[in-house]
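What follows is a structure written as structure tokens; I'll ask about it next.
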Amino acid sequence: MPEGLADIATIVLTGIGLVFFLAGTVGLIRFPDVFSRLHALTKADNLGLGFIVLGAGFQADDWTQLAKLGLIWALALLAAGTVAQLVARAALRQEGRE
Amino acid sequence: MSGLSVLALTGAGLIGLGIYGLLAHAQLLRRVIGFNLVGSGLFLFFGAAGAREMPVDPIPQALIITGIVVAFAASALAVALITALARATGRATLPEESERS
Amino acid sequence: MTLALDLGLDLAFGALILATALAAVAGQGLFRAVVFFITYGLLLALVWARLGAYDVALAEGVIGAGLTGVLLLMAQGRLRRADALADPPARGKLAAALAGASVTAALVWAWFTLPLPQRIDLDAPMAASGVENPVTAVLLNFRAWDTLLESIVLLAALVGLWMLARDAEWRAPLGPGFHARAGGVLSVFGRLLPPVGLIYGVWLVWAGADQTGGAFQGGTVLAAVILVAMMAGLARAPRVGAPAWHAALAFGPGVFLLAGIAMIAVGGGFLTLPPEFAKPVTVTIEAALTLSIAVTLALLVVGPPEQQNGGGT
Amino acid sequence: MSRVTMKAMIHRTVVFALIWAVLSAGDPAGQVLGLIVVPATVWLSVALLPARNPLKLWRLTGHTPRFLVGSVAGGVDVARRAFAPSMPLNPGWLRVPMQLGDGARVALGAELSLMPGTLAAGSDGSVLLVHVLDLDAEPGRAVEAQAAEIAALTDPAPEGP
Amino acid sequence: MTFWLHLIILGLLGSLAGALWRVWVGPAQADRMMAAQLIGTTGIGVLVLLAVLQDWAALTVALALALLAAMAAIGFVKAASSDGAGDPEECAPGPTDARDGQR
């Protein structure tokens, strides 16, 4: 029953993805300073998205959908790596302002 | 109540919130935000009306897309007016408003 | 059970959207309001996707969360530097709230009482439109007048925005003169993203004939890509007089108009596409419009010409 | 055209052609358009990012899984700290001098931001600023190891001006 | 399966609501902005699941959001720079411990 197996994989992987998203949010709420919060967000979120994408991939009908999912994750990683550095640097300059 | 009604009522609520923002704020940039809330609320209301039968009616969709683009152009013009005003007067509120407040 | 969850999903979306909108109008502080407005645009894009209106979701996602976000954040920064950030507390709250609430109430009444309007049957005209995405057919064929005028409105907005320049700055490059550290994070990102953005934007326009996408959706993506390249200091903003940019701005409306007139010659009537020409003409107009929409939207965010205040600190 | 540029153009053509093929999903008309779009994209890409130090592809294939494992470890680490009631954190900053070129330094910063316990905040000159979640975990060594790995990805060809 | 995916989307929306709380309280501008970034990533996740649930066309939207995920944050760092057009990396790191090693 390959269908059933794919469904189980989707259920497990999207569940793990959700846990990481929740971890990112909990970190964003609980961590004591701007930079630690940025850690939580960058790492946990993109891992969460990775698992969701992987889980969705088990429901794909053809390879182009799989490749699109991969592209989405790659672009999200690129954005995350950039945004984390830029926002951390801006926060370093702005510390104490507002 | 159907899900569609929920989204239509959300649109109606957004229009109300936008009107409140437009009327109550003196800071002009916040009025631009209010204006955009009214616009997107209208689109959502209209779009939900077009989605009552499947598939979604394409005519509202096409009009909403043009609407989003025009609303953006109007916002850009408004923002440029506000920054020009701020450069000239050092304020981003209208003169009579700052006298009253 | 799933049905209840389905409704639950719509309720959650509605509640989140109303909450972000409320926070954007009710809270103190301009920066916070702007960030809430950006998240609001994102959520709205999700709701459009939820409704199955993927074309609208694309436009809302790129414009609402991307371009408008940059526009408002930059404006907020300028107001701060011009010392005009004062955000006086809301006044006349009661009257404003009453006005808003009464409009909302009227719309709620309308939703539940007014009859379902007669739906226009598009099956027959779709067959003659030469394309398969009905949204594209409506935009460029059935309601081509609207779209032509819209492309001219966009141009008018840009010209209006340029008119706000001071006389002394008229010949300066557009916008605040973006710059970034050579070899820095922003600059490297700005070198990596545009090629992928170009492929994706062109694909959106081309695919728009038969599936999600089209001139507006592709144009907004390309506008965002142009903007990223400019903000990363890789593409210099033009001056008002730059002829190549003028040509790019006028290309779309121009081709649209010419195609409309050409249709009279082949026996259709102004902007009435005979079925045998519908597909090639639609695709041509779309390609031309995309270029103009992309450039116009990007320049709308960049702003009027301005004296540059020198690089860095 | 130098050999380095040629090689980079071939790599990029493959990547962009693949992306176009994925998007247009084998539609024949789309493949014709691809013949125009892909070269245009490669041209834009070379104009924006001229090839200097060619990537060593076989090292990249070895690096990618290690990066994925590292980013999973990063996510797990941060989730553990977030959910733990005691929230074990001892944050602080490191300044790490680099010999890497610009692009490699930015890539290193991006990767470090996804790895356990480290977050880059750009660089000051050629010194990478790294925020660490836990100063007790000897983060400096992990950063240096990662830097060496990134450095090994490109040929040690002379850095262009 | 449909049931489960609905649950996951609801969970993601709950996580998103938590991030909204961080936008509300701040305190730094960077806090609000990174919470918005988190909401963007979560939104991409929701769209991917909607693609499975409804129609794979939703992936086109997710792809656009992923491509432009960094837009707003770039606008923010520009606006936060000293002349409103720059890049935070152009200046020395600022009034902080990063200059002299450890906290």
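In this document, chain identifiers A, B, C, D and E correspond to the written order of the chains, with residue numbering beginning at 1 in each.
In this section, contacts are C-beta pairs under 8 Å (C-beta built on N, C-alpha and C of every residue); 3 or more make two chains touch, one makes a residue touch a chain.
All of these numbers come straight from a predicted model, not from anything done at the bench.
Asks: Using direct touches as single steps, what is the fewest number of steps from subunit B over to subunit E?
Replies: The least step count works out to 2.
Asks: Show which chains lie in contact with subunit B and also with subunit C.
Replies: none
Asks: Would you say D-E or A-D is joined by more C-beta pairs in contact?
Replies: Looking at contacts between chains, A-D has the larger number.
Asks: Per the centroid of Cα atoms for each chain, what is the distance between subunit A and subunit C, given in Å?
Replies: Roughly 27 Å, centre to centre.
Asks: Starting from the mean Cα coordinates of subunit A and subunit B, work out the distance between those two points in Å.
Replies: That gives a centre separation of 31 Å.
Asks: Quick one: subunit C and subunit E, Cα centre-to-centre, how many Å?
Replies: Their C-alpha centroids are separated by 20 Å.
Asks: Just curious, how far off is subunit E from subunit A if you go by their C-alpha centres, in Å?
Replies: 10
Asks: Quick check: what residues of subunit B touch more than one other chain, meaning two or more?
Replies: Nothing qualifies.
Asks: Find every residue in subunit C that makes contact with two or more other chains and list them.
Replies: 6, 9, 13, 31, 50, 52, 67, 71, 76, 78, 184-186, 189, 192-193, 196, 200, 217 - these are the residues of subunit C that touch more than one other chain.
Asks: Among all residues of subunit E, which ones touch two or more of the remaining chains?
Replies: 16, 26, 29, 33, 35, 63, 67, 70, 74, 76-77, 80, 88-89, 91, 93, 96, 98
Asks: All pairs of touching chains?
Replies: Per the contact definition above, the touching pairs are A-C, A-D, A-E, B-C, C-D, C-E, D-E.
Asks: Give every residue of subunit D touching subunit E within the complex, in rising order.
Replies: Residues in contact with subunit E: 91-95, 121-124, 129, 131, 135.
Asks: Using the touch definition from the top, list the residues of subunit A that touch subunit C in their complex.
Replies: Those in contact with subunit C are residues 75, 78, 82, 85-86, 89, 98.
Asks: Under the stated contact criterion, what part of subunit D meets subunit A in this complex?
Replies: Listed in rising order, the residues of subunit D that touch subunit A are 18-19, 22-23, 25-26, 71-72, 74-79, 81-83, 87, 89, 91, 106-107, 109-111, 113-117, 119-122, 129, 131, 133.
Asks: Help me check something: in the complex, which residues belonging to subunit E touch subunit A?
Replies: Touch list, subunit E to subunit A: 1, 4-5, 8, 11-12, 14-16, 18-19, 21-22, 26-31, 33-35, 37-38, 41-42, 44-45, 48-49, 51-52, 56, 59, 62-63, 66-67, 69-70, 73-74, 76-77, 80-81, 88-89, 91, 93-96, 98.
Asks: Note which residues of subunit E are touching subunit D in the complex, please.
Replies: Contacts found on subunit E: 88-89, 92-93, 96-98, 101-103.
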